[in-house]
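Heads up, there are several structures right after this.
Shared between the two complexes below is chain A, which pairs with chain B and chain C, respectively.
The block that comes next holds the complex of A and B.
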């Protein structure tokens, strides 16, 4: 078990290193941040002073070695644009993104699993078709389009909810709904197919035969067995959630890290972009690691000892 | 349309607006009926209204010479200038009258020396009293070794506090535009003690001036807030606070204005204003700003077609700039020139732009022996509103006269380099004097377009510009200015497209006039809330 986790962790670190290096190189190959930060008329001499100050006057290789050393020491650099440390900038905005992402995630997992289960149990009925149509529609529709439809209805027509910003809990509803609809749609579809697979199994027949109540059959026998593919999908969706929030944060002027990322990419604010991607990559890798470990609990037949286990 | 700083989201198009184009039709299709009046929000213990203004972005630093689009909108309320430009001397907010600001009067004591009488008893936001030493320090900080360089200051030799009422500015040569310079951001005054204590960067983060509103904080990515400065030396500020909020999406700004969440929204593309036009409680207030969008040539590339001035001129003549201005900017602006109404008596509105004359263009091309060689124009995608669309049409117009033009669209300014034969750019009027604009950028020492000549302007250009910069009487300067414009039309260093338009969405019952630059003025004579 320890060896298994160790290998997994080492593999994760290797993946992170690849990500960090790729981002480092691509960013530097695709634009000079100085032209984003300084006025048109700034003399080259001044620019050179800042190139030196920011360490981008050195060769790419030198910069890379310094960068790796810095992040190992926990120094993620300074934003060219704001003059603040990249860590402060990103972590200052992160709670807002986590609030939006967390709310979305909880809502869509509950709604998705619930609706998917209902659709599976009522297979072939109007319920099933209705839920699946809605699910396909919600995850096929581009989220920014859905966002505008919701703004049009709930803000402009009904005047119930604010259009943009993050001042009150009311501001959370539209962005979380937009993101959540898309996410719950795909979770519902996967839950439905996993449930249908499970419902055909012999242990379900056994549960029925021994007279277990309907809710117990579903909650104790069916759902845990349908959980494997569903959890896999949910794990993948974590990464998607961060990507999706970048768009949604822009439409709803939600002051999260996603928008900071977009702005920073635009002006090639190296430190901020690198840190953000490092964080996203870590999150996704960690989520996948957790999914792997969760498998073991959900299905004891999946051995975590890599073949020789009990 | 962000002119001074190259930051992508500084344009009137926000990063996500491409995505939102498809949603435009949707917004329009929905007939938006408005019932809710956008009432002003009242702050506690203050019966003055406060305003909420949505902009695509906010700026991190509001130092004393910030002249970037979003920084300047805020900073205009924080600082006052030595000489004040009264934009309201024209009803449409384009006035160029220069009136006393932090200086109550001035006198030219010799051809190169000016004495400014400094307003007494003016308080900075930190409670300290403004002195002549602060004035001298602030202006001295904008040139030479100063920490807040501003390009309009190249003519100044020294600024000295003569006594506690007078500041003397000495110029290197006679400088008839000195008052105009003191009405730009280089004439903004701030406290020396505080600046020196906290340093340039921290000062930019927590700025202090003498203006009608004082800094009340910024939440990165969210908003910048100003509060009324009740010790203001002028008329009492009419608003208790102003909150500038970041709303990157055009559609979200429009929706928020209509629902009453915002009182003013900035940076609306002129072709996306229909929902506001159809709304009873809000309206569009648009101005063409003192700026010109252009395609500037890398004429120093000797072996390329654009090195020949006849080919440059043919490109300008065969591009129907008046049509582009009309169609792309909803009839709100005209073909571009370097002559601005803000030059006052020097301005020549009847002179107009270079004509659209494809026949003359063909003749010039034939004379120059143009053989259809490909000419590449580099464009930074999404930076200047309408630029890509204008150039896509342009390619077809050029084809009509046999010009083979290719667009090379890049993502950001960092990728610009020296590639291509021409590229997109823009320039400001800079100050209310013909020594601004063209001469300021293309001729004056340190001008940021000098590189497009290949380093130095032609001798004739430099001579005319110097006569404008140092000329002692109106006639001399006027003659030189006319000569400079004519020379420009002969050399065509750049194709001047049009003056861009800044469109604001505003609550109808809010009296507020936008100016012909990005500054937003919330002083008592320009705001009245009837809501």
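The block that comes next holds the complex of A and C.
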């Protein structure tokens, strides 16, 4: 067990190091932040003062070593623009992002699993075709386009829901729906195929031969088995959800970390962008770790304690 | 090997526990519907074992699944009656059927390794039967489950209770399946090729277990198999099925002594036997037809060496040879 955890942790740290280094390099290759702050014609002497102040006058190698050292000490740098620490800037907006992402995630998982199960049980019927058509449509449509359609209908036409901001629960509905439709669509599809696979297994016939009522066959025999492949997919979707929320926060002017990220990329605010991506990478790694642990609970054939993998 | 005291005519004449009359099952496929079970009659009484023997595809499993109404979606019963204790199971509601399954009628399937739910403990799966049909407390059900594990000969029931199917060998899994099926002391146990997936040594143990349990619980047992050795060892009465029809019925000793149908004869001749010395085992020419090639007349006719014009075209009626024997053949093997 200890060995297993140790390997996992080491591998995670390695992944994070790759991510951090790649972002560091790409950001510095993408242009000088000074030119997005100062107008053309600012004297070089002034620019040099800021270069020295922000620590980008040194060679890229020196900068990299300093940066890694800072991260290890828990110092994530300062925003070039308002001088606040990047950590404060991001964490200040994080609750809003978590609210949007969390709501979306919970509702999508429930709706996706439920709809996928119904589609599998009613295979080949109108229910199945209806749910699957909707699922494919929702996840093949770009989320910003879906967002615009929803805004047109519910905000401009019906005038029921606000289009921007995050003041009330009403503000949450449109962005969460947009993100959630896409997510639950793909979860529904995966749940359906996992369920179909499970339903034709012999042990389902055993459950019927035992006299278990239909709902019990589904809830106690089929779902726990179908959950094994479905959980993997849901774990992967978490990374997608973060990416999607960056777009959706921008479309709906949701004051979360995602929108801060887009702004920061635009102005090459190194520290903020670096921290944001580090956080996203950590979240995805944690989610995958969680999936691995969940596996052990869901599938008794996988022994985490044995030190083996999947 | 065979207990002659058990095969007297009196036992067979008792009111049957289960009586199948004129059962037909069709499967709907994209290229038409096939009648895979055609007008089958069967009966079995308490304390008796009916061996249902036939090749793969002869309809023996489908018949039994139809009895429990466990057919897959594309299979449906088109005619017939399934009388269990005088009640027609084909007419009762699904709820009543659920109450019967696993309670009055237990079923054991062919491949125990895939017939157990991989994510549930053995104990949980056996206790579920009790939970569904008997008003037991949680600890009561657990205690009874341990007794059942012990009854079917699983060593260290306490440890095994919490283990998962993948930790069980094939033989142990089948014992667990049997424990599950007999948990509520059913009146009828249907065992569909219970030993086919197991090693020969384990096969004998499982058959012995089934026979013991049958006596202990005074059950009726339907044993589906393609293995005449299993029939000889465990059955009291035998029904031979070929291409969806029963072709011969007889007490087990009579069947082995003097088969009446040429198909039964062929099966027996293809069997290595200690009491007859043969250099070469004979095989029945040809192969059993798939459902789409089923003919109206005698279905064995194309492979039979004793047929004439009378055999094709008309389904041969059963001729009642004695109280307990009947055969569906125009020219049955002459009794010796």
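Basically, the second predicted complex is superposed on the first by the 303 of 310 C-alpha atoms of A that agree within 3 Å, B and C clash if a C-alpha of one lies under 4 Å from a C-alpha of the other, contacts with A are read in each partner's own complex, and residues count from 1 in each chain.
Here, a residue touches a chain if its C-beta (ideal position, glycine included) is under 8 Å from a C-beta of that chain, and two chains touch if they have at least 3 such contacts.
On a predicted model such as this, the values are computed, not experimentally measured, just so you know.
Chemist: Superpose on chain A as described above, then tell me if chain B and chain C fit or clash.
Modeler: With chain A as the common anchor, chain B and chain C both fit in the superposed model.
Chemist: In the superposed arrangement, does A:82 touch chain B (first), chain C (second), both or neither?
Modeler: The answer is first: A:82 touches chain B but not chain C.
Chemist: According to the stated criteria, A:193 is in contact with first (chain B), second (chain C), both, or neither; which is it?
Modeler: Once the two structures are laid over each other on A, A:193 reaches no partner at all.
Chemist: Should A:203 be classified as contacting the first partner (chain B), the second (chain C), both, or neither?
Modeler: Second partner only, chain C.
Chemist: By residue count, which of the two partners contacts chain A more extensively, chain B or chain C?
Modeler: It is B that touches the greater number of chain A residues.
Chemist: A:282 contacts which: chain B (first), chain C (second), both, neither?
Modeler: neither
Chemist: Check whether A:12 is in contact with chain B, with chain C, with both or with neither, and answer first, second, both or neither.
Modeler: neither
Chemist: In the overlay, answer first, second, both or neither for which of chain B and chain C A:211 touches.
Modeler: After superposition on chain A, A:211 lies in contact with chain C alone.
Chemist: Looking at the overlay, does A:33 come into contact with chain B only (first), chain C only (second), both, or neither?
Modeler: A:33 sits against chain B, while chain C stays out of touch.
Chemist: Quick check: superposed on A, how many Å separate the nearest Cα atoms of chain B and chain C?
Modeler: 45
Chemist: Would you tell me the residues on chain A in contact with chain B in one complex that are also in contact with chain C in the other?
Modeler: Correct list for chain A: none, the interfaces share no residue.
Chemist: Over in the complex, which chain A residues touch chain B? Could you list them?
Modeler: Contact set of chain A toward chain B: 30-41, 43, 81-84, 89, 92-93, 142, 144-145, 148-149, 151-152, 155-157, 159, 162-166, 247, 250-253, 255-256, 259-260, 262-263, 266-268.
Chemist: Tell me, which parts of chain B touch chain A in their complex?
Modeler: Per the touch definition, chain B meets chain A at residues 3-9, 14-16, 19-20, 22-23, 26-27, 30, 32, 35-36, 54, 57, 60-61, 67-68, 151, 201, 205, 219-222, 245-249, 251-253, 255-256, 258-259, 261, 411-416, 441, 446-448.
Chemist: Quick check: in the complex, which residue numbers of chain A touch chain C?
Modeler: 201-203, 205-213, 216, 220-221, 224-225, 228, 298-301
Chemist: Quick one: which bits of chain C touch chain A in the complex? Just the residue numbers, please.
Modeler: That would be residues 68, 70, 95, 98-103, 106-107, 109, 111, 114-121, 128-129, 132-133, 164, 166, 177, 180-181 of chain C.
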